[in-house]
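Take a look at these structures.
What follows is subunit A paired twice: with subunit B in the first complex and subunit C in the second.
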Partner chain A sequence: MNHEIASKKINARSELFRRRCYKFSRNPLSMFGLVIVAVCMLFVLFAQYLVPFPDDAQLTTHMTKTFQAPSLEHIAGTDEFGRDVFSRAMIGLRYSLLTSIIVLGLSVPFGVFLGLIAGYYRNTWIDSVITRFTEMFMAIPTLVTAMVISALAGGGWFVGAVAIAVSWWAWFCRLTYTSAISVSNELFVVYAELSGVKVIRVILQDILPNISAPIITKISLDMGSVIIIAASLNFIGLGVQPPTPSLGAMVATGISYLPQQWWMCTFPAIIIMLVVLGFNLLGDGLGDALTLEVK
Partner chain B sequence: MAEKFALQITNLSVKYKVYEGTLQVIPGLDLFVREGERVGLIGETGCGKSSILKAVASVLPVPPAIVSSDAIEVFGNPIGGRVGLSILRKNVSMVFQDPSTSLNPTLKISTQMMDVLKARFPGKRKSEYRKMMRDGLEAVSMPAPERVLGSYPIQLSGGMRQRVCIAMALIKDPVLIIADEPTTALDVTIEEQILDLLDYLVREKNKSLILVSHALGAVRKLTDRVYVMYAGNIVEFGNTADIFSNPKHPYTIGLIAASPKLTGEGLADGIAGDIISYINVPDGCRFANRCPRVSEKCQTSTPVLENLSPDGSWQVSCHNHNIEEAAL
Partner chain C sequence: MTKGYVIVLKKFFIAIAILLVLSFIILGYIRLIPGCPVRLSLGPGIPEDTVIRLRSEMFLDEPLPVQWFYWIVNMLTTGNMGTSLHSLRDVSVDIAIFLPRSLELVIMAAIVMLVFSVMIGTFSALFKNTWLDNVLRILAYLGAVIPSFVFGILFLLVFGVSLRWFPIGGLPTIPVEYTLTGMPLFDSIVAGDFALAGNVFRSQILPVLSVSVGGIAYTSRLHRSSVIEILNADYIAFARVAGVSRKTLILKHLMKPSFIPTLTIYGLQVAFLLANMFLVESIFRFPGFAFYAFSVIQVKDSYGIVGVTLVFGIILAIVNALVDIGVAGLDPRIRLKASE
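On to the complex of A and B.
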């Protein structure tokens, strides 16, 4: 009766990983998302070497070639200082993704931690306190909170990132909370409690791994959403400060040159759209692949 | 008291506060399990069996549940409070219905068993724990225990998972094992194996057992005494042999008649009607709306447990249990 494990010794963890990879690779849309994200990452890491005019990210001006339409030399045209829009957009992308990483790096651990505590101590005063606290932050739109905080704290892209994180964690807390409640009712948690396993161990070993799928999915989806919020902050002049390029600020500048110099806002906007699309497709694919899970 | 009780419940009441009102699931119930005794708990779905077990294990979600009792004692020690809880955790173990949900899918078997052992016998060396786990799995006649320890639950079959669960329940060395329909999720051949195993282990190690099951055959085979529950009340209890050969309460009679017979007399009879709603519990006997022997008295006064044998080991709660079958 134990033939399924007796036949060969398989490393269980790598087996599961392989199965998930297979399921992920079967979906062309998620693979498309993965490619977009991979290309983005490539540009984030090596933008200096990949873009044709890396110097244009700074205060350079080429007054001889301002407002050039897209051509072979400048595939996305040039802006009011003659700088290459494509180069600037790709370097701006680096700051956008860095912002996402900082926001999620700050908000995910905090939100997940509070969500786990609240979910495990469901229906007690601990739950009520954490949930009400979370709802306070969820009640105000993220963009408003982020605007107020970064305006008060004086701008800068790092301040902007922290400002977004201040309200972003609440959504992770809510997600973790609801997932943790359903896992807390599972029999293996009940059994662990009955066996007197330490609370911290129950939370970290029994509950957290079983709710990781939705959290990972949300992280991937949120990479895109944070980029939009960050771009919105840039658009109104908060966050990344000129001359450092940022996608949102480039769109904002480009708008005043519409419709004659349409490329100035169109290309950065397309890049925002593609990146967000890529992360969303990746997140969907990850969600499907991870819920393959073990039943 | 001369006798030693592994578990003694006095006047347990469980209510659930829900949106529609308060569910009076268990109005007040006494139950005891002697040391080394195997006790069956039978009754249909929704009659409160799981609520009792969860109340004993202190794992009912409170709220919505409201649990109160005069006493729940494990080996004479009241549970509840910090001390009581640790006594409960040392001495009581559970085996659940569905082994695929009672093991954590993301942890290896060894990690899960180790957690139980570490909580129960703290401060031993890893090799000692490892040996205890191996012995525990061998005790449930698991082939290749080392390989099982290194596996995830997904890699084991249903029967093997249930063996792991039983092994996990036993390595704690508890005095009382609560088995909540341990074979319902398994197929019939495995069911037989698991029941035999449970029977053997409980006898050999002299544990007390509470077996909840819809398989009356299993209860008849494994247990010394039986409690029959209906709608949150114990309607009859006594020695297994007496209850099965000569049931007194009309519900017990119906329940036993409802199980299919090997002799093949066609489909078994059921009991007509449904279990009462727990929200507006009517006066009188909770079984009255389905009872073939219902009389006027049943609608107004709630029956209490009466002795059928002089020593009180066989009791029934029915106004009309003396009516002969022929009189119906």
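On to the complex of A and C.
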């Protein structure tokens, strides 16, 4: 009998998953977002094999080819050192995405864990300690925190990523906290508690799966926001240090060559826009699909 | 009723206490950086006794908790926030010079954001799924994904360089005798110098627009969905059946309730405007607070950094308190809950 129930449960889950996939795939915008994100991931993994001039990401100079307008050989033109803008932008994109992945990889588990604990032990001292601790990191805008930390700790893209993560986790903590509070009042959580299930299992098996939809949606939307924050940091000269390419710094140097060499800052700006758009579309699509429940 | 305000006040004071703890952490963190900050910032060739005098004036020879304690006592008794190594003036003097310039931009941007996002959001919702709605939604999407510095560059090139409608950056100098609040536009209007006020306004338009576009895009998207939700409510259908005119329906029955969820997000966007000024001020070479904050951070000036973060934090706390009061004013249910 147990076996029968178990198989039925799996069927219901896979049915739900199938219907969510169907709903997601019926929205052309979500699929467009997915394609952009997939192409981005391809570049993160294999950028050096996919771009035509992988050496241009470093301190190479081709003095004979400076400031070339977009052509078949250099589809986005060349910069002040004759380096291929397309290759540099794509390798810069890799650093932007790696920054996002590190920021979210550090802040999501930490923030979600603290949020779950605070939400489960609501109205106790644990709750108020965690809430105050979270508020401390939300008291200053992210860009300011990231600027202060990465300026004081000295450059490098990894320091920049950690600096953003330091204030980013608090938003995940807040989101998890508010969702966890409403779920932990549900009867199934009370039943699990009464039947003697360990606290950690109640939190991880009963509460977490039921609040995962807004968290997953926020992760996808935040991939885009972190890229913008990271590009803003690079724009003012923090984070990734030259000669390593970064999208924000490419836009910043490109400005001084406007409007004659327009391709130098237009192309990286378009890349930022497209990637952020892709993650936003994916996030919205995921949000729509994940709120779908079994009837 | 009164208890609601007590809650808001309590939240505000907790935020201030948190900021003081944060200032301790920042002061301690800056101490970890090797080398004497005074000597580094003054450069070589400065007599030794000047360095020693400045060090003791800045309490840098004391242990960290003592330094922090002196700094707080000093701030509470005299209003001084410590000497800035960047300008060698008191940080509070610097803040009084630079903050009002940016604050004026923030206030203007907040008004622009409020007007446009409510207008666009409401129109989008009222004409749901028509071509107008679709165009506005696509624009809102683009506005939300393009970083503010890209808008800044775009506006600078189009309206500043090509069309020459607006100056390409900077801020006209305000005569010292005009100084009242430190806000350039306000001061020149109060002083009655409208020619100068016009020039100041022209140099403020582009920074204001480029910093508010992202917020407009984001807030209008949210306002659209909240208006749609209200439109589906039973009482709107009832009001329609009862023959309430379309104008009254929108202005009286729709505007207020639909703005409640929007206000929270709008407040957050306004609070972050000052931080987003970093990019815009560096593009338009606007001598504002973000510009000051950036130079302070770069020379690792401890009191400067603490002062700047305190200002950012206090503004965030004030905006949050205002949002709480605003939501309570708009939504009687929250007022009731607070007074229970």
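In this text, the second predicted complex is superposed on the first by the 280 of 295 C-alpha atoms of A that agree within 3 Å, B and C clash if a C-alpha of one lies under 4 Å from a C-alpha of the other, contacts with A are read in each partner's own complex, and residues count from 1 in each chain.
The definition used in the following text is that contacts are C-beta pairs under 8 Å (C-beta built on N, C-alpha and C of every residue); 3 or more make two chains touch, one makes a residue touch a chain.
Computed from a predicted model, the values in this text were never measured in an experiment.
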Just checking: does A:42 make contact with subunit B only, subunit C only, both, or neither of them? Give me first, second, both or neither.
neither
Which partner does A:280 reach: the first (subunit B), the second (subunit C), both, or neither?
second
Between subunit B and subunit C, whom does A:141 touch in the aligned arrangement: first, second, both, or neither?
second
For A:205, select first, second, both or neither according to whether it touches subunit B, subunit C, the two together, or no partner.
first
So in the superposed three-chain picture, is A:197 touching just subunit B, just subunit C, both, or none of them (first/second/both/neither)?
first
Would you tell me the residues on subunit A in contact with subunit B in one complex that are also in contact with subunit C in the other?
none
Flag every residue of subunit C that touches subunit A in the complex, lowest number first.
14-15, 18-19, 21-22, 26, 29-30, 33, 141-142, 144-150, 153, 157, 161-162, 271-272, 274-276, 278-279, 282-283, 293-294, 297-298, 300, 305, 308-309, 312-313, 316-317
What does subunit A use to touch subunit C in their complex?
132, 135-136, 139-144, 147-148, 151-152, 224, 228, 231-232, 235-236, 248, 251, 255, 258-259, 265, 269, 272-273, 276-277, 280
Sort out for me which residues of subunit A touch subunit B in the complex.
1-2, 4-6, 9, 12, 16, 122-123, 185-188, 190-198, 201, 205-206, 209-210, 293-295
For subunit B, which residues are in contact with subunit A within the complex?
57-59, 61-64, 86, 88-90, 92-94, 96, 98, 100-108, 111-112, 115-116, 118-120, 143-144, 147-148, 150-157, 159-160, 168, 172
